[in-house]
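Two complexes come next, and they have one chain in common, chain A, joined by chain B in the first and chain C in the second.
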Partner chain A sequence: MNGGLTYTERMRRHFPWITLVSALLLVGMTDINFLSPENLLNLATDIVPLLVMAVGMTLVIYIGSIDLSSQSIANMATVLTTISLPALGVGSGLLVIAAGLLFGAISGVVTARLKVPSFISTLAVGGIALSVGQFASGQQALHMDAEQRKHAFGWIMGTTAGIPHELIVALAIVAVAWFIQNRMTAGRTFKAIGAAEPVVVASGIRVERYKILAFALSGMFAAIAGLMFSVRLSGGSPTLAEGFLLPAIVAVLVGGTPLTGGVGGVTNTLIGTMIVAVVRSSMLYLNIPATGQQIFFGLVLIVAIATTIDRSKLRIVK
Partner chain B sequence: MNQFLAMENFRKWIPLLVLIGLALFFTAVNPNFLSFRNFARIAISASPALMVAVGVTFVILMGSIDLSMEGTVAVCAVLFALMLNALGGSIAGWGWMAIPGTLFVGAILGAINGLIHVQLKIPSFMASLSLGFVGIGLSLLITGGNRIQIEDPIFRSLLTLRIGGFALMSYAALAALLIAWFIQDNTTIGRNFYAIGGGEDLARSSGLNVGKLRITGFVVAGIFFALGAIFAVARLGIAETETGRNFMFVSVTSVVVGGTALRGGSGGVWNTLVGVLIVNVIGNGMVVIGLPDYFQDGVLGLLVIAAVYLSTDRRSLSFVK
Partner chain C sequence: MFELQNVEKRYPGVHVLKGVDLKIGDGEIIGLVGENGAGKSTLMKIIYGAVQHDAGNVLVDGVPVHFRTPRDAMQMGVGMVYQEQSLISNLTVMENIFLGFEKPFIRFGAINWKRMSEAARKQLRKVKLDINPATITSRLTFSQRQLVELAKVLALEERVDGKLVILLDEPTSVLSKDEIELLFSLVRELRRRASFIFVSHRLDEIIDLSDRIYVLKDGAVVDVISADEAQIETIQKKMVGREINREYYRENRQIPYNKDDVLLELDHVTVAGRENDVSLKLHAGEVLALVGVEGSGREPILRTIFGMRKPEKGTVSIRGMTVRSFSASQSVSHGVGYIPRERKIEGIASGMNVFENMTLSQMKNYSKGGMLDIAAERELARDWIRRLSIKVASENVDCGNLSGGNQQKVVLAKWRSGGSEIILLDHPTRGLDIGAKEDVYEMVRDMSVDGVGIILVADTLEEAIGLSHTIAVIKDGEIRKWFNCQPGAKPSLYDLIQHMV
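After this line comes the complex of A and B, so read on.
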């Protein structure tokens, strides 16, 4: 099975978790408290909204496209959750998920059917989502009623046996995404599209439908990320999720899903997100200002793309 | 065949017709739109945007894209303000050196962008997006999140000095547009951008050094981004990280709406002028007829999709990522 792969290619698969372990050990050496179960649990819980967004992003990058609208959709989701909470209760969650699916599907239709490159189509749909968020919120920060929040989403906030429910929900979401990716026809088709789209087209598979589905799912996961973020912060605003896009893309690529798609996947992104989390908090430990993070992650992104991208799929790099 | 050519000829004029149609529409809803003062206002808000959009036009002509403008503009704006203030604070003194200095910074940032894209063989949208993030972080690091005031009245005359009703800035932007036009139509580099955009294989086999040309394109773009940054600072009198905000979406929209094809090879800086005017007329017109300005992003989003859809020849595309 692995006969056709060179040594480096086989090693490459293991890079993400090796990176994670060495990062953990490196920070652990400077401060052993960093490796305490309590701290690691906090670390993981803190990153939950980012993880959910990155998982959605994975499906789109998996087919070789990109979704730049995730952050705007998450922003919109925080606003919609907060507004609809008094009227719909827990149903506001369903509303937000539906909105995410819809916006993602629009990106998908524009990309697959109208043949607009995904970085433009998702940028445009992100603009629309931004407008909806600003319109719905009246450009203000909104707050949830504590009682209503507890009644509708209290189940996300608590802890059981010391494990925050948020983390459990997030892992369940990852599991669902993993199931879609590995055990359903759709997921297998995503992989095929990412690996060699012309072949899939020639096999008579309706590629456009699957592409639209991938974008719709990405929109949905972004909306869920926004939903969980607004429940955590007990409110919403059209700029609440600002700063999510870069770490989400970094998490996917550092995890080992290349920009050209076809390999990697949801579990890779789980590891990638944890790498981002460790790097982030270790920077706090090392007293590096938050602005330094953005520079660092931007550079990491370039390195991650350069080392993982499959150049045989890009005859001409535009 | 003749019918096809006629259709192509007609298509070329669509952006201009849209611009005229929009102006007529806003005038019909509120006659105040059609006033000299309002046009002067549109010209001021369009000047920085025009420079950034013209810059990215060169890159799009080659079939690549540059999404780093928010970071590049932020870095250039902040460094310009710091240089100007450090060199005495006045354009009349040594402060004028800040202008070539900033253009140089823009060129360097563009060169880094181009080198990463070409040498590491990373698709340009991702290379430039990453560098844009780095730029925003860099400008935050330089300013510590603060604003830098520019009080030099001579520099501010770009906004305050009016000639025939229009701000000096608008004339300066027009002059820069003419230079861009000259680069595009009358220099070898400009013609080669079209050659790469029209078909890279062909350009390569004709003996063009495509990699070097691509990097040059990004450098030219960086210089125009820096010009945009200077105008943006002149317009508000302050330089901060926020100066770069929203330039990415607005400038890419302008180029595309003006009729320059994303696949490269067709369109140009005059298309971009029309595109920038369309975007700014929509922004201004929505305020004039009493719509809140936050609808603008949504309207522009729809416009981009429509423009790319109309300008794409789908028969020639096998698949799009």
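After this line comes the complex of A and C, so read on.
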């Protein structure tokens, strides 16, 4: 029995992967080399930081909120990693993860306890994170010492059987997020909050705590994204991750997690991120300048939101 | 003259109005009475244009009209004075009075406040309210706001040709005795300007004010009584008008409860916003019904017990232990379960399946170190699907797609399977068909046998009488009267209504 599910509703679930396959085929038709394994592998590796950020973002959108601080937290993370690398070595990774958790948790507290809408609380926290990055870096690009980088994070950089470790790490992170979402009480609660928050309250669950947790995790994933990006580029700067935010939100929404939350999840975001990657590289094939990409993503974002949100959950939009 | 002819309204699965005829002469005041669920509010909504009827006619001065919005109705002279006041509290009185009808005061795109103020003063004079029209509405008392609302409707007078029809929905429920007198004398005076439809639970007021009284029951007008001949008891009989069927409520299964086993005690509890105190005791196996009219204060008591409201004074104790911190999660951990009135908003998470809904309140029991034991969850769901004969294909079905009765069973299973000993039932049979209602009654008896204490706010009085061991009649937030409801010696509807209104 699948009750009142209409045809379009059932199709909507399959929409993300159909989009991905069609996009791949479309670009493949203009240039068959695009579909070669090496190219696809490069494509996938290229978007690893975006994927990690989008996975974190997914958890927040899953509960029906939004996190606009991810890019700034990632920026801050690139700076903090680079600065602390000489002193802490691999511990610099733990430092930025902790920083990400902290900044995310602040967004969560402001949203859940002070009842500030998440788009504004995370915008504010993002502003703080950006400034921390600017202050710590002295407004300039910093570089890692090659030897130190190799010693601390060399394991991320290598390849095994032709597969970059970066990609493996990213997939492991997706797997962890998937486990949290599908197999842990926290993930179940996130889903319930997104689906029907009043029910969760009336079931005696402390909703605020779980909201804070979702934001904290999102902050942490953003920091990991920044960490991986800075290791890849061997340096940090308060603007290094510029241009990540919009594609990350697009990846989540195109993947099939609507802004109203409750459905979708990290596997959807995995597909959504790949769609973003394919679309982005297809622009290179079609000779669209990089500066024009954000125009495109902005438009896609509007379409993706408009077609996926559950309007029955929105009484008033301000 | 305003007339309804054979008006019908259906919602999915319910026939709300079954051919209603209603006639209001110019300057007439008619009363409209009926139990909860009799179709009063739907009828009102059709009259003032918030809901469209499916069949039948609405006639104004003999001409058929069709109201698509309340604004359409207002343009034909039909206006509503809302029970939940509809004024916007941060606007001034005059802005509220002319909200949406500012056009006559606009010159070159700007509002001429002076002229609006004068016009508002004129409207306020009609209701004998001497206040500055530029006052911010939130500064007014409740009864002043109600008069402003009446003035707002009376402002239609200058805009429409015919006479006005004004609906008053429970206008007296929060007024003091003097304020009620004032309102009534005003309404009587205004008869030369308008006719009124007066809806109230207080039958004495209805008889006092109206010329004729329409009695609505199960979506049909069962009688029209002239107020001169009307008596409270006869109206009550007509409102209820059916036999209590003992079998229907499983009275044969009602067993005495254990008087020594007190599960819950409220000691002089004052609920926020009301000046009253409530004391009650709930025993294991007891069904305690809270009975009262809409807005009498039953729900706040339930929500206080569930921890969603904090009492201002007094103590709540569960199994002899005083509750110190009030939150739903505290109450749930003390074994309180709440079956909310708004099943689709607070009861069932649509988009989640049966087992996810059932374990939502008790994930601790189905997880280890934060990791869910999904196999055990499924097992639980299958077990309860069988025990309550929930009609679903499997435990993986989205609860949003279940029928109301099956949804209610899932919510009940959620609390029962979690071992809740105190269950709060808020309108548990609302919107259910008869078969599903009987299932709920059966479950109530099962719970009593298992020693669960139940506090019930029932959908109808018969349901409260039929199911309960004890009834507390609540009026204005206070328990006015206790009744013992042993099978064979149950109080009658009329016994209860006396104390309710």
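Heads up, the rule we're going with is that the second predicted complex is superposed on the first by the 317 of 318 C-alpha atoms of A that agree within 3 Å, B and C clash if a C-alpha of one lies under 4 Å from a C-alpha of the other, contacts with A are read in each partner's own complex, and residues count from 1 in each chain.
Note that a contact is a pair of C-beta atoms (placed from the backbone, for glycine too) under 8 Å apart; a residue touches a chain by one contact, two chains touch by 3 or more.
Please read these numbers as outputs of a predicted model, since none were measured by experiment.
When the two complexes are overlaid on their common chain A, residue A:198 makes contact with chain B and with chain C alike. Of the two partner chains, chain B is the only one that A:111 touches; chain C does not reach it.
Once chain A of one complex is fitted onto chain A of the other, the partner contacts of A:125 are limited to chain B, with no touch recorded for chain C. Legend: residue contacts after superposition of the two complexes on their common chain; A:65 is shown touching chain B, with no touch to chain C.
Applying the stated contact rule after C-alpha superposition, one finds that A:297 touches chain B and leaves chain C untouched.
Between chain B and chain C, the partner in contact with more residues of chain A is B.
Of the two partner chains placed by the overlay, only chain B lies in contact with A:139; chain C stays clear of it.
Contacts of A:246 after superposition: chain B is touched, whereas chain C is not reached.
After overlaying the two complexes on the shared chain, residue contacts for A:189 are found with chain C alone; chain B is out of touch. In the superposition on chain A, A:172 makes contact with neither chain B nor chain C.
Put simply, chain A uses residues 198, 201 to touch chain B in one complex and chain C in the other. Partner chain A is touched in their complex by these residues of chain C: 306, 308, 327-333, 338, 340, 342, 345-352, 356, 360-361, 363-364, 367, 370-372, 374, 392-393, 397-398, 400-402, 414.
Remark: chain A residues 64-66, 68, 110-112, 114-121, 123-128, 130-132, 134-135, 139, 197-198, 201, 207, 246, 259, 289, 291-299, 301-302, 305-306, 309, 311, 314, 316-318 touch chain B in the complex.
Those residues of chain B that touch chain A in the complex are listed here as 63-65, 67, 116-118, 120-127, 129-134, 136-138, 140-141, 145, 200-201, 248-249, 252-253, 256, 262, 264, 292, 294-302, 304-305, 308-309, 312, 314, 317-321.
For chain A in complex with chain C, the touching residues are 1-5, 183-186, 188-189, 191-192, 195-196, 198-206, 262-263.
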